[in-house]
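The structure is given below, and queries will be raised subsequently.
In this document, chain identifiers A, B and C correspond to the written order of the chains, with residue numbering beginning at 1 in each.
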Amino acid sequence: MTTGNGAPVLQVKNLTVEYETPRGKLRAADNVSFELWPGQRFGLVGESGSGKTTTALALMRLTQLPGRIVDGEVLLEGVDLLGLSENRMREMRLAQISYVPQGAMNSLNPVMKIGNQIANGFKDHNTNIGRSDISDRIVEVLQSVGLDPAVSGMYPHELSGGMKQRVAIAIAVSLGPKVIIADEPTSALDVVVQREVMLTLRRLQEEIDAAVLIVGHDMGLMAQFASHIGVMYAGRLVEIGQVIDMFDDPLHPYTRALIASLPSTSRRHRLSGIPGLPPALLELPAGCSFNPRCESVMDICRSTDPDLDQIREGRFASCHLYTGAEVGA
Amino acid sequence: MSTILEADHLTRVFSRGVFNKVHNVAVNDISLRVGDDNPSITVIAGESGSGKTTLASMLLGFMPPTSGNIRYQGQDIHSLKGDAWREFRRNVQPIFQDPFEVFNPVYRVDRILTQPAKLYNIAETDDHALELVEEALRQVGLRPQETMGRFPHQLSGGQRQRITVARAFLLKPKVIIADEPVSMIDASLRATVLESLRELKTELGISIIYITHDLTTAYQVGDTIYVLYRGSVVEAGDVEKVVQEPSHPYTQLLMGSIPVPDPRVPWGENLAPISARDERETATTGCAFAPRCPNAFETCEIKPPPHYGLNDGRAVMCYLHEDRPVTNLDSLMASKSDTPN
Amino acid sequence: MTLQGSSSEIPELSLTRRFFRLLSGNFLLLLGLLMLAGVVSFTVLGYLFVDLELARLNSAPISQPPSLEHWFGTDAVGRSILALLVIGTPKTLFIGLLAGICGITIGTCLGFFAGYVRGWADTFIRIISDVLFVIPILFLLVFIIEYFPVGAVWIMGIVIGVLSWMGTARTVRAQVLTLRERAFINMARASGAGTWRIIFVELMPNLTSYLAASFVQAVSGGILFSIGLEVLGLGPANSQTLGWSIWWANDYGAVLRGFWWWWGSPVVMIVIIFLGLFLTSLGLDRVANPRLRGSS
């Protein structure tokens, strides 16, 4: 999965997040490992409760109690974010690794002008630019997401959902971060606006050669936006690969079912959902968590949990169907 | 044909302000008809602000129209009294978008099934009612012992929405108005709920008005489609034709914007390039879509276009089809009812 | 109903256990209820063990400070303060409860009516409540009682209640306006429920903890008004309430003459009642409003 740019910009190793609940500890993200390379758009897909948002928040070190990061490393250009002081981490956020939260349009401060909200980013990170330069930069940033510079003097309630989402993206890219994490950035937007916003994000990300981690549950959106996909199920990454490869030849039965459940616009067919329901994280079945819903379930699946193994170049899957077929290292 | 539910020139205007009244036309002159000798799924498609939820509220009798009327078996629903009104209520049932909000948080989930069973006298005894409720739950793939007796927050979104579909299986109404029934549940679980809707049509002969912003699911389950833009039907007709060869520029934009689950197909390759326009902008006099329309010309800014009838029975509200005869939505439905699907 | 009890896998908590679980996490509610329980047991024990004959004129030595014989001292006309407290506390509580019940009942009914029916009913009720809101109630009560002298304790309670429903009505209306837009109300309508069923079976249970908090506030408001009137000498004649005791003490110049136990004892009792009610209403508020829970 190398893209030839030398080294990965973000390496996530064995990231594990646990939540303390009255009924016991549950692992919302279990041993999650993957790499992001500059220019890559990595889509993290899964049903609700699969741990995709937990993983995204943990990368930003924004995990809230009762959740705790109990294990793992998050290396941004070799520096372990989990080991930094809170002050150092604050400097890294936005400048090096930025976040577009779920429903980002509601994350804007309702009583502050858009321009000031963008300027805050410059000020907080002591970028040595003067007052007039800041207003120049605000205009630049707004134009980069296709908004009129006049938006700078407006309040969030004067903007539509799509415009607010563009502002959220403008803030996220304003300091030229190396990694952008976007959690379902368009889930509340109409399909037309969704396309416009996502294409804007893609253009900006290509301009600054950042890596994007996009979290979502819509495989259609991933097919159009992502260059690589990681599929999560019950807190685990179960398959990783390049987007075309994944759609051409999904390996894990869960990935296969996810793709098959998508309604097509070119022909009418009987809709096939994934049978059953995602498991409760407190009562995971023995063996592979997907086994009760799996079409290709074997005896071993009910007892042994498969590892995420490399199946071929750039392709990883965690499934007993392929345990014999590994390539040597 | 016998018509169960029919809406004639429905318009709903919201006004606010006391002195300088601001009028917002949420639904503008919409007519549609649902019959029972040929159960069908009618799709009302539109984005947020298109008026689709207002239309649903009016069809369910929760909100009176500003003008126009809704008739149930020939009677204006707002003139119905007593048993006739209960009969309408029982036979025109909703499925709502948010499968959490439909449950009263202080009660157990089964109440949504047992309450109508009791109030509409569907079962003679409690035991019989229990039997019917359990049967309805099994019909949508839920195990009664895992759902009954729970509180709403103890179930997942998919389970909750299946319970509201089970409610339809239990009540067997004549018409179901489903307002975005799958938009708040996971993509992988949508298929199951949509298949149940299709079963309601084919097995129980229930006509469904499926309201959605998602043209892919609309295409999969729908028979007829009405595409709404700012309260007006801009294109209506057979779902296969509308989705495969959209003829209104707005329908084309909607179709082109859908992220196709195939990484080899570029996203919206045939669409005009993105410009930084404000999607809230509206024309006050002409076609509501004109400010965003890549094909807009002078006439579009002056006067809203009428519906033009295409050869395949579609009605399109756009001057690009000016050479076609002017039609209205009533004639569209009349021709539609002759062709069984 | 047999339908709902069936095949439930979730262990059902009994009502008492739910009540104790509610208390364990809510220190304010616990403290408030304990104080009120203390006041009630004081009167119950008092009726059982204290010689209430000592509340008559000249039944005890005059103006004695607290002693072993008369724990709370005696007043200048020869009555035991303890006996007066035992008799006065329940009467004052009774006025408060009556005023609270009247106020909350009227307020809830009108609030529900205004919020659910809207239109002319809403406008009409809002105008009345706005008018009553701006008139100081104590002033109005003084006026009414001056012209229609109140003969009994219970009449006073009702008069106060009838004049203090506006706050409840206003907030209940606001709650109902937001609740009635929720989808579960429309679902109930589609299930064949009529207006009354929706109000009492669907909406009301969602407001119980909130109504309980309002009720407690209404009770303390009623007590406050009644004491205010009595201290001014406008209460029912010979009512023997706590406010009436304070009026006597004041009339005999107990403060100037240094008889602190005479005026002090009823004041302390009133303070305990108010604190108890106040903490209870704060605690109930915390139950009704989950957003406040995190900050405690």
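As a working rule, a contact is a pair of C-beta atoms (placed from the backbone, for glycine too) under 8 Å apart; a residue touches a chain by one contact, two chains touch by 3 or more.
As the structure is a prediction and not an experimental result, all values here were calculated from the model.
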{"item": "Chain at maximum distance from subunit A, centres defined as averaged CA atoms", "value": "C"}
{"item": "Most centrally placed chain, judged by C-alpha centres", "value": "B"}
{"item": "B-C or A-B, whichever has more C-beta pairs in contact", "value": "A-B"}
{"item": "Distance from the mean Cα position of subunit C to that of subunit A, given in whole angstrom", "value": "55"}
{"item": "Chain centre separation in whole Å, for subunit C relative to subunit B (CA means)", "value": "51"}
{"item": "Rounded Å distance, subunit A centre to subunit B centre (Cα mean)", "value": "33"}
{"item": "Complex interface listing, subunit B residues touching subunit A", "value": "47-48, 156-159, 186-192, 194-195, 213-217, 219-221, 240, 243, 253-264, 267-268, 274-276, 278-280"}
{"item": "Sites on subunit B touched by subunit C in the complex", "value": "60, 62, 86, 89-90, 93-94, 96-98, 101-108, 110-112, 114-116, 119-120, 126-127, 129-130, 133, 144-146, 148-151, 154"}
{"item": "Of subunit C, residues touching subunit B in the complex", "value": "1-4, 6-10, 182-184, 186-193, 202, 205-206"}
{"item": "Touch list for subunit A against partner subunit B, complex", "value": "47-49, 146-148, 160-163, 190-196, 198-200, 217-221, 223-225, 243-244, 247, 257-259, 261-265, 268-274, 277-278"}
